[in-house]
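For reference, the structures are reproduced in the following blocks.
Next come two complexes, and both contain chain A; in the first it sits with chain B, in the second with chain C.
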Partner chain A sequence: MRSLVSFLLLALVASVQAISSSGGNRLLVILEDVAEKDGYSKFLGDLEVPYLYKPHHLLIASTTGRGFDIAYETPKSESLSLFHLGERSYDHVLLFPTKAKGLGPNLTPNVLLEFINAEGNILLALSGSTPVPSSLVSVLLEFDIHLPTDRQGLVVDHFNYDTTSASEKHDVLLLPTPGPLRPDYKHFFSLSSSGAPDGRERAGERSGVVAFPNGIGQTLGQGPLLSPILRAPSTSYSYNPKEESEAVDDLFASGSQLSLVSAFQARNSARLTVVGSADMLSNTWFDTDVKKVGEKTSIKTLNRGFAKAVSGWTFGEIGVVRVNWVEHHLNEEGLSNASNPKIYRIKNDVTYSVSLSEYSWDKYIPFTVPANDELQLEYSMLSPFNRLKLNPTISSEDSTTYSVSFKLPDQHGIFNFLVNYKRPFLSNVFEKNTVSVRHFAHDEWPRSFVISGAWPWIAGIGVTVTGWLAFCAVWLYSAPPAKGESKKKQ
Partner chain B sequence: MAPKKPATATGPATTSASTLSSSASGQIDKIALNIVQHYQKTTPQRTKLIDTFMAFLVIVGGLQFAYCVLAGNYPFNAFLSGFSATVGQFVLTASLRIQTTEANKSEFPSVSPERFVPSVLFSGQLVQAIPKRILLTFVPSHRAFADYVVGSLILHFFCINFIN
Partner chain C sequence: MRFLHSFVTPLLLAAGAAQAASSWSFDDATVQVNGKKAAGTKEKFSETKQLSQPITISNTESIKILLVAKDGGKGKRPHQAFVVLQDELSGLEAPFPMTVKENGKAVVDIKYTDLPVQLATSSAPLKASVVLASFGSSQGLNKPVFSIAPKVDPNAAPLVYEKPLRYGKREAIHHTFRDDPKNPPKIISAFFVLAVLATVPALLVGWLSLGANVSHIQRALRDAPIAHGVFFGSLIALEGVFYLYYVSWTLFQVLPVISVVGAATFLSGTKALGEVQRRDSPGRGDYDSSQRKMCCGNKNGVDED
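Let's look at the complex of A and B:
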């Protein structure tokens, strides 16, 4: 009986392990007041109590799902600590807007940076109506994400607002779901019309809108680690609602300069996402009917699916690439083809393979490179000598093997097999395997007789030797008179 | 083979006499004919044999060098060993020719057997026991040829090794 109970417990633990995100499932939600969580109950419920998406746009609560272990805290709480004995206490942090100017001693900018450095993920929800805490402003500055001065700003758009809720203020933006930043990027945030976030691309199915109510816009620096998830439309601008002048004369930023939802992925693949409007995650704007200005019919917002995609990406449920193994071997007949030898010879034929998986919500799937992109192998000593495309060769249920065969260049030394695949929204892949490459041993050069160019010279020696033998024979044959002569002289 | 012709001992006197007596183009033909006749008359059989072999080596070496110039020198070690086998053989043969020419006999006293055999290699008793035929190789012309054979074999060994 007891063993049965423990077995069931084990099975339960195993299933929880299986469905949690690739980076862990401990989520800390920080709210001004814990009671506020009711306003986000759908969003938080999606994180905690999972839902299954069915094709006929029905949301069905189910026993399997995202399974985050959520803890709620306020910034003022004294027990709040992101670290315990030098280890992270939580895997992810979700910060909702708070009214206080600072976030208290437990959430200083340093602590948040340390959390990122320790590979923790942060989802930061801001709001246009409450000033952003100054500690968050300085954290964001560290990542080159800039907020409006005075820590407050409101994004409005007089051409894309929702007529049902914001006919006066024009501060509820209705935006099409974002497409890929570039055609060769993987994109996780374009939703099908029914709102299912889907790691796969679904071209032509992008319809429907995401509501962005009462939000604050950010501008992003030039760093390669930053990428906007949702850009503001070109007709929008951000102003400070506190300034009570009739005309807006001091814009923070306008048009697509403004990023409404921005993503930062550190070099250790920790993720920080800034959502400009906390309201877009609230129950009010999940599946609400909105009517875009100039249109007659109202449509439902896709905020729920968008929130799932954004939180899923931030908490490492999608876009996480795992290197299962790396293997390289000599690819020559008649020689030992052991895996991962430490030494090669110049001009050896070598095969390099790397197996990659991608985490998709609850399981690992084979990683596929976007159509216009390439996964490349660099064979390098300081600088690359070869940069070769890795082609998918074997695909299994949860991994794809990419490999390439090539001839090592005529250069000996210490070389690296390097796969350095860093793309926006995908966790970083950096695999370096060092090998020594020696030159030819003295007995490994091709013999002259196998090089056809050398045959005339081989023949030259042959003719010389044969001629010499003939000469000696004739010399000895003509010897007797000469011998007698020399004998006489002696 | 031009350089070797003046080497014949009695050459210079005859050629200078003929240049004085004749004139212009017919003169050159006459000189050449004279030289050839003189060469054929006065050169021993073995020296003629050496000259033929050397001419053969020059042709073989020239062909190898021409191939190198036309077709490139890869693999270079093959060119080096092939060409140097021919050149080396030529040099050794030239040495043999110098040593075996009657006129140069006084130049090479060191190859004479009288001093060499008893003092270095053999005791007096042993010399008696050595067969006549072996002793014959210490006769100057024989000794020069033996040197030549040994030197050539070493050269061939090196070249075949080097061409691998």
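Let's look at the complex of A and C:
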């Protein structure tokens, strides 16, 4: 009995952990000193498995934490290793700022890149007050994310700062929560005042601010894999606080060129997020009262909700699209409509369907395409012959089916049904199904009697047959004609 | 100095109300377009008076902006002294930091080649703003002062801005099918069908006029009824098999049937044609022998052909 109960509890623990993130729940947090984690206790507490060591509380507690199994390490720790026997030891890594110039032999740029290649996610928190370790600078360069020269920079904005905490240094930026990058992109980072991030929320309801204290800005390269989550306001700029000069000489970047929180999603959907200010994740700036320049009333920061959205996105809790199944079949009367045949004929009517789900914090929900965007099916041989919009047809509790019916082009060969849906902040969808397409068989063409141009020829055959039979009858049964006539004939 | 300030922040906060009055401003501001050879005229602008006409700049020219930054009326060096150019269509901005002296004298020289390609190829004039701000409680200044119209030089190599790849929906493609094969008008086909069919009566009438008949059918059926019935029947059956082959049968359905019908034709044919020959040959029948001979010779000749 006792063993049965413990087995059930174990199963429950396993199931709770399994649903914490679509990409796994082993999180490694790297700090300069493990004691520093108290400063981020609210943020880390939101991530942690609730009451892990009190299994009897599990049933009521599963709503608070997000179920990550957190390990704390310092860069100097000898036991620190991201890989064990070639497999990832952790699913996600959270790096807080460290003071050392390098990160030691266990966190070389190469190891971090391999971690991304092995579909591990990294959340990198930097700070404006400590220089960024050079190994991280080179990792970020690999992703085309650029940091200020000398590995240090501080973002200030003399027009948008918090007057209660930074009236002199102007280094606590107050920013509205970001809207969508483009109207056709999903946005996960705009928060309502309640602080609950919701991808489907209307942009007009945004209120409250995100505080960005003591942070370093990044500039992003041209690549499509990079997207800024939080951009700096247009009057802000980055400077090196170590430099003694009283004016900016060598400007790194300013305005919206500066990305304060940047996201990189690799082709394998692994995610790297750079948060320019580690302080914005700290307890100090969660739900603090701040006052904008020129405003009388103070407002609460939305940092807790923003940190939840950023970490949730990075660790694969939101914005992960799953393909449940792909199906295509012949859509013609009186013919076999078996699923996913290997061969079609040109000009066949075909229906293609794909079922998609999106992970949202703890469960899969139906995936909906943003209003101005389209999910497209390409029917291609080398280049696409058709690129068609897939329309939602069936919606269930946890999935939406998108489908399209079309007539195959009049070209035979090896074709692909290809759904290549890559969008910022959504994991990549790439589904390729190959089919052979043959041309008409000899008995599939229209019969000659339905072709009006063939009628004279068909009539000719009929006339020949009739004439032949008449000739045979005459040959067999004709009585000889009268003599005179016969001579005339010859 | 600033480090010290961070310690005295609370004190400054208390004093903030008194300091709030001071703000950044500028004075003696001029803008000048300089070509390769000659310097252009200086145009004055101020915080309140924007230049009404956009300043045109071509690919060999540069713009020189001079001003004196002031904090609360006194010349001072601000930490942030930028001229920001903004493309009003796309919202893209490019900052140009000014070189500022201790007394607030600031200067920046913006060459055409310094303009980012996105701005240089913009179709709308670029809005130039002066941003002056610094640490502390002095209020910053961010004022649009004039606009710049980059002029495309027809002789210079055109600037090309290639948009970077961004994921998004792509243009729909619908395959264009080849045309179906076309038929001539049905009336023409029908006319030729009739013309072809008309040859049957023409043939029969021709034969009749030459004296063809089927008068011996009864005699043939009396002399060799089975042979004649099977032979002519099998000729019709052969055509029937060919018709079924055209409509639905396959070759391997046709071959056995054809072999059976063909054997029947062969076996019954020898007898039936023998009867015809007996009937027609001289001395055997009750016809005029000389005439039949000629007739038969003629027929044999046809057969051998």
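Note that the second predicted complex is superposed on the first by the 423 of 490 C-alpha atoms of A that agree within 3 Å, B and C clash if a C-alpha of one lies under 4 Å from a C-alpha of the other, contacts with A are read in each partner's own complex, and residues count from 1 in each chain.
The working rule: a contact is a pair of C-beta atoms (placed from the backbone, for glycine too) under 8 Å apart; a residue touches a chain by one contact, two chains touch by 3 or more.
All values derive from a computational prediction rather than experimental measurement.
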Could you look at A:170 and tell me whether it touches chain B, chain C, both or neither (first, second, both, neither)?
second
Kindly classify A:35 by the partners it touches after superposition: chain B alone (first), chain C alone (second), both, or neither?
neither
Per the contact definition in the header, classify A:335: touching chain B only (first), chain C only (second), both, or neither.
neither
Please indicate which partner A:460 is in contact with in the superposed arrangement: first for chain B, second for chain C, both, or neither.
both
Is A:141 contacted by the first partner chain B, the second partner chain C, both or neither?
neither
Once chain A of both complexes is superposed, is A:394 in touch with chain B (first), chain C (second), both, or neither?
neither
Which partner, chain B or chain C, touches the larger number of chain A residues?
C
Considering only the contact definition stated at the top, list the common interface residues of chain A for chain B and chain C.
451, 453, 456, 459-460, 463, 465, 467-468, 472, 474-475, 478, 481-483, 486, 490
Which of the residues in chain A end up touching chain C in this complex?
156, 158-159, 163-164, 166-170, 182, 184, 222-224, 234-235, 237, 239, 246-249, 251, 254-257, 347, 372-374, 376, 378-379, 384-389, 407, 409-410, 422-424, 451-453, 455-456, 459-460, 462-463, 465-470, 472-483, 485-486, 489-490
Complex contact set, residues of chain B against chain A
44-46, 49-50, 53, 56-57, 60-61, 63-64, 67, 71-72, 74-75, 77-79, 81-83, 85-86, 89, 93, 136, 139-142, 145, 149, 152, 156, 159-160, 163-164
Applying the document's contact rule, which stretches of chain C touch chain A when the two form their complex?
2, 5-6, 8-9, 12-13, 16, 77-82, 84, 91, 93, 95, 97, 100, 131, 133-137, 140, 142, 164-175, 177-178, 183-184, 186, 189-190, 192-193, 195-197, 199-200, 203-204, 207, 210-217, 220, 228, 231-232, 235-236, 239, 242, 272, 276, 280, 287-288, 291-292, 294-295, 298-299
Touching residues on chain A, where the partner in the complex is chain B
446-448, 451, 453-454, 456-461, 463-465, 467-468, 471-472, 474-475, 478, 481-483, 486-487, 490
